[in-house]
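The structure follows.
Lettered A, B, C and D in written order, each chain numbered from 1.
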Amino acid sequence: MANVLILILKSDATEPQIQHVIERVESLGFGAHLSRGTFRTIVGLIGDEQRLQSEPLSAIPGVAEVVPVMPPYKLASLDAHPQPSVVDVGGVPVGGGQLAMIAGPCAVEEPDRMLRIAKAVKAAGANIFRGGAYKPRTSPYSFQGLGEEGLKILRDVGDACGMPIVTEVTDPRNVETVAKYADLLQIGARNMQNFVLLTEAGQANKPVLLKRGMSATIVDWLMSAEYVLAQGNPNVILCERGIKSFDPSTRNLFDVAAVPVVKGLSHLPVIVDPSHATGKPALIPPCALAGVAAGADGVHIEVHDEPEVAKSDGPQALLPDQYAEVAQQIRQLAALLGKSIAPLPASKASG
Amino acid sequence: MANVLILILKSDATEPQIQHVIERVESLGFGAHLSRGTFRTIVGLIGDEQRLQSEPLSAIPGVAEVVPVMPPYKLASLDAHPQPSVVDVGGVPVGGGQLAMIAGPCAVEEPDRMLRIAKAVKAAGANIFRGGAYKPRTSPYSFQGLGEEGLKILRDVGDACGMPIVTEVTDPRNVETVAKYADLLQIGARNMQNFVLLTEAGQANKPVLLKRGMSATIVDWLMSAEYVLAQGNPNVILCERGIKSFDPSTRNLFDVAAVPVVKGLSHLPVIVDPSHATGKPALIPPCALAGVAAGADGVHIEVHDEPEVAKSDGPQALLPDQYAEVAQQIRQLAALLGKSIAPLPASKASG
Amino acid sequence: MANVLILILKSDATEPQIQHVIERVESLGFGAHLSRGTFRTIVGLIGDEQRLQSEPLSAIPGVAEVVPVMPPYKLASLDAHPQPSVVDVGGVPVGGGQLAMIAGPCAVEEPDRMLRIAKAVKAAGANIFRGGAYKPRTSPYSFQGLGEEGLKILRDVGDACGMPIVTEVTDPRNVETVAKYADLLQIGARNMQNFVLLTEAGQANKPVLLKRGMSATIVDWLMSAEYVLAQGNPNVILCERGIKSFDPSTRNLFDVAAVPVVKGLSHLPVIVDPSHATGKPALIPPCALAGVAAGADGVHIEVHDEPEVAKSDGPQALLPDQYAEVAQQIRQLAALLGKSIAPLPASKASG
Amino acid sequence: MANVLILILKSDATEPQIQHVIERVESLGFGAHLSRGTFRTIVGLIGDEQRLQSEPLSAIPGVAEVVPVMPPYKLASLDAHPQPSVVDVGGVPVGGGQLAMIAGPCAVEEPDRMLRIAKAVKAAGANIFRGGAYKPRTSPYSFQGLGEEGLKILRDVGDACGMPIVTEVTDPRNVETVAKYADLLQIGARNMQNFVLLTEAGQANKPVLLKRGMSATIVDWLMSAEYVLAQGNPNVILCERGIKSFDPSTRNLFDVAAVPVVKGLSHLPVIVDPSHATGKPALIPPCALAGVAAGADGVHIEVHDEPEVAKSDGPQALLPDQYAEVAQQIRQLAALLGKSIAPLPASKASG
């Protein structure tokens, strides 16, 4: 059995309070290991930590602080799965040295444009095509996406090019529909703690791309992955896309250190999205390379061939030529690190 | 017609780029008002700003910066409604000098305990009873709420005490069910940008309590209110409950200045939730008073009569006696400010 | 002797590593109290915690985490001084129920204007007059203050009005000079961790007003107070003036909860500065009241009679009439809380 | 002449207010270019922006917002110096494709250990040796550095190895002394807005390594560089070392995007310090590579041969072997990007 939690008691905790703490801990089925000092008494809890998640231990009178010893996520942890996971996205293996190269416009637009962009990013090295059919927009007056019509366009373009596709799902009622078309279900940053949606996505039979919330700690993020994993869906790819900070120089703050932090805690693949992290085309290539240098399992970049008329997020899109240039640099950097861009699925590569 | 937006061009913008900017702006149906300088050229856009929400103006070559002149929300703004709105919550008027006093446990628990707590907080001055039937928990292994059974308990307790009730809705599929039982629908901080849920709540015929997201700017928050208002539901109460910060001294960072900031931008009532903002019982009374002193239209406080066995968030609950004490101080402070605690509905006051 | 620190070892810590940890701890003169579990071993350190401040315990192989049990500050803590301290500022007692009302322009300007403003704020209830002679400005091209000439003006105006004065010191070489003129030495937010300056200020025979740094945790802040206290100067007043956050709605984020947090950790008086915290005149009165409601021992507000020509920070200054109005509200609120505005020194009140 | 600033007036600005704004602007020697709209009036200011730094324009009645068009820094900007600057550090050229490799322990310790570490990092590829003689410590009870004795040790070790040296200066009274020994003067993060110290450093005849403050925006940082440049010292190297954030996973938040942001605004070299940015040895190599991939002009890493007895920051030091490994990877990555590690000075290389 293990020390799973330490209670640090208040310096003025009374003897009856200490006894009550011990009784309370034991009533929960845990062993209590007491260590008294002049100023502070410490209680180590011994037992099965899973059962402690809901217990309000810090509300027990006399308790000053609760120090967890074990991480609160299980299935996402390296303890559960010491080797890096490789997630299959429509035939493209992501993780374990093989990089996802996700590219495409922010929103699904008309079929011709989509096909044109898909061919361009595929030629440049992209292996998963993206586009939003359901767009979570800050303003109710902004373009909200083409809906299922957009899913069909995206699927057709993916099939025509032999590329798996990824698209965002925003509504638990749409998970089944989106899963019918897409190879990879994206949960956006604003929905990272939409636990209802996570639970539905965990029950779909498609892998999930889980973006980090703008104010989520890395532990929060892994807990959200745990929601999907706990439903029996082991195929989660994490995506760092910038967090909130005080400097308006960039749209968000690209937390590149999150990549090696995650690698030290979890077996799940983790990719980076420098498009949303920075919001500025000039910053996307250097941050894409930074992400790969830090150990990311892939890069998500928005590409549009005419940003000034894009339906969504045009100002942060790379042009196809700019994408081709950074993709080439990523390929070289990957080689230096003993990695490579994941191959397209053989059966579809003819597309 | 109005200047609705200013484009600041790059210092090296070429003459053809400037011409292209003008053509592009005019093709969108806007007038362009050019002001040239040695270093920078500025273009003022004149027209109907509503139509600009989706246009990627900063993606036009030569544009350095886009400076909005008008706020992106309309219905939530003081321009749309210069007087403070008063929202009726099951007969309790919130806003315009009358304070909401929302109190109750984090999660709905067994009926006896709920009734006991409701009676205690009502006696102390609370006018809306709260309890969560659907709990968004960071961990999939934590207690997730009693669901519809919890709604029934809450309704029964509210009716027995003559208090309107508020409870959180987390799933767009449940909005109708929750609206059947509750007088006020809470949208939690983690769902503040769950636009699917906001849209559903906007179509329900019950007022909405919209908590501020942990990384939401005040403009983001008002834009989320706009989602509800744009569906035809004018009854939104905002709730400041702390934002993310770097100091672990408190669970979140209580942004008390948000209260007067909102008052300067919007007609919607805004209340404070010191329970979630601070996460520590000792900090709740001073922060509750601070919120009222800053002009809040009410206070949301979690109360439990046995925090150490609470199903959720026990460590941050006030005891009924502690609540009675702070409620009394709020009453005095309100009087000093020319305000008062909103009365319970007459028809129910006998309960 | 006391448990002063807990070491949580890595889950894969080897037996030789555990032995090495114990030897290392004992070689530092501490007792080691070992608690083994299946997954984790925990070591409690017993001894004099003061000696641990510099020891790199987390660098010992096998150590996963170091959990301090005692706060790192001593003289600033309630353990050292359980009753609230009252700091005498040129005859005005600050703390223990008596409020500092610090008011005046950002920078010292010409004598006539200074005298005019001083008389106005004194009439409104201010008991300490402020003005900056050495201004730390973000831009090297901005007005940097009048220097010693400004100190003289401030002293003369203070004497003429019978008010103690406070002014900022920014250079360790000037501490003696500033202490010659001022009754209270202000250390600004940007210098909160200028340990050289703190040490000099600790050796001056004047009380110190220590503003919180924009990215300082409350513990960092108390550690900076400890620098002053450790030099033998027990007279420190803390001042919350806003921290960095992501929302540009306000200049800084006013952390009103810092007031009760400090009260729970330290005996030092703590005041609030809503002028710098918000940067907008309309927000200053509500935030001043919020600070007092939360338990602050005073309020620092910038006042100027002609903000549009002020030498520094004009846009955030209150007009004398606006100050008089909020001062009156503070007086009433203080009475409600059983407090009062501290009286001016008797010998000077005739001024 | 140029549009240097835009004033956006309030929607309810009166005609007399508008006239007053124009008079005020003209009295400051600026031209006013008025653009009226139905909702908002905009005033463009034309003239020499340098003179505007201190003017409280937003305090003029009727002004809603002040939008600067030109950056507030001049000498640091690309306008002043369109080509990347190369800073000579004791014969080592930093910038323009040549990387600084700064390495050494946090604090200067005994001579033998210093020499041992210097030789090891030099063999691995380091070209500037570091060590702190004056340590700014959060706690007054921590080791504060060896002072001038430390400077001598550092100088001797640098001479013995033929490496230039860098050390921190914390006190304006010590700048001359530190400049006598060191080839590069470090201004630490906590002193980034210690304008007194910046001014002194600007008058020293040695280059300055300016670390970014923990809550400094990139514009704040460039303004602090401007303080040094404005004194006539053109040799400033910027160093990103992590900013404050809400996630305790890392000591600070490594803002790798700051590197390309700075490159787009300034000619000054910018290096990264993954040691302080992350605080954890396992994260230093991936973040060092990320920094170089993003375009940094060098890497600052703390190295100690016995971290568990280090006098300061032992827990975040790399061992010499770990440093050699990451230095080799940096060398390869630099080659891929068409850069190289800057050579040691020829005259000293024999050392």
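Methods note: a contact is a pair of C-beta atoms (placed from the backbone, for glycine too) under 8 Å apart; a residue touches a chain by one contact, two chains touch by 3 or more.
Note that the structure is predicted; figures quoted are calculated from it, not measured.
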Chains touching both chain B and chain C, listed by label: A, D
Reference chain C; chain at largest CA-centroid distance: A
Inter-chain centre distance, chain C versus chain D - centres from mean C-alpha coordinates, in Å: 27
CA centroid of chain A to CA centroid of chain C, Å: 40
Distance from chain D to chain A - Cα centre to Cα centre, in angstrom: 32
Two or more partner chains touched - positions in chain C: 215, 243-246, 248
Chain C-touching residues of chain A, taken from the complex the two chains share: 1-4, 6, 8, 11, 33, 35-42, 44, 46, 67, 69-70, 79, 244-246, 248
Chain D contact footprint on chain A (complex, rising order): 215, 217-219, 243-250, 253-261, 264, 277-278, 282-283, 286-287, 289-295, 332-333, 336
Chain D partner contacts - residues on chain C that touch it in the complex: 24, 50, 53-54, 56-61, 72, 136-143, 170-173, 190-191, 193-196, 199, 213-215, 220, 223, 226-227, 230, 243-244, 307-315, 317
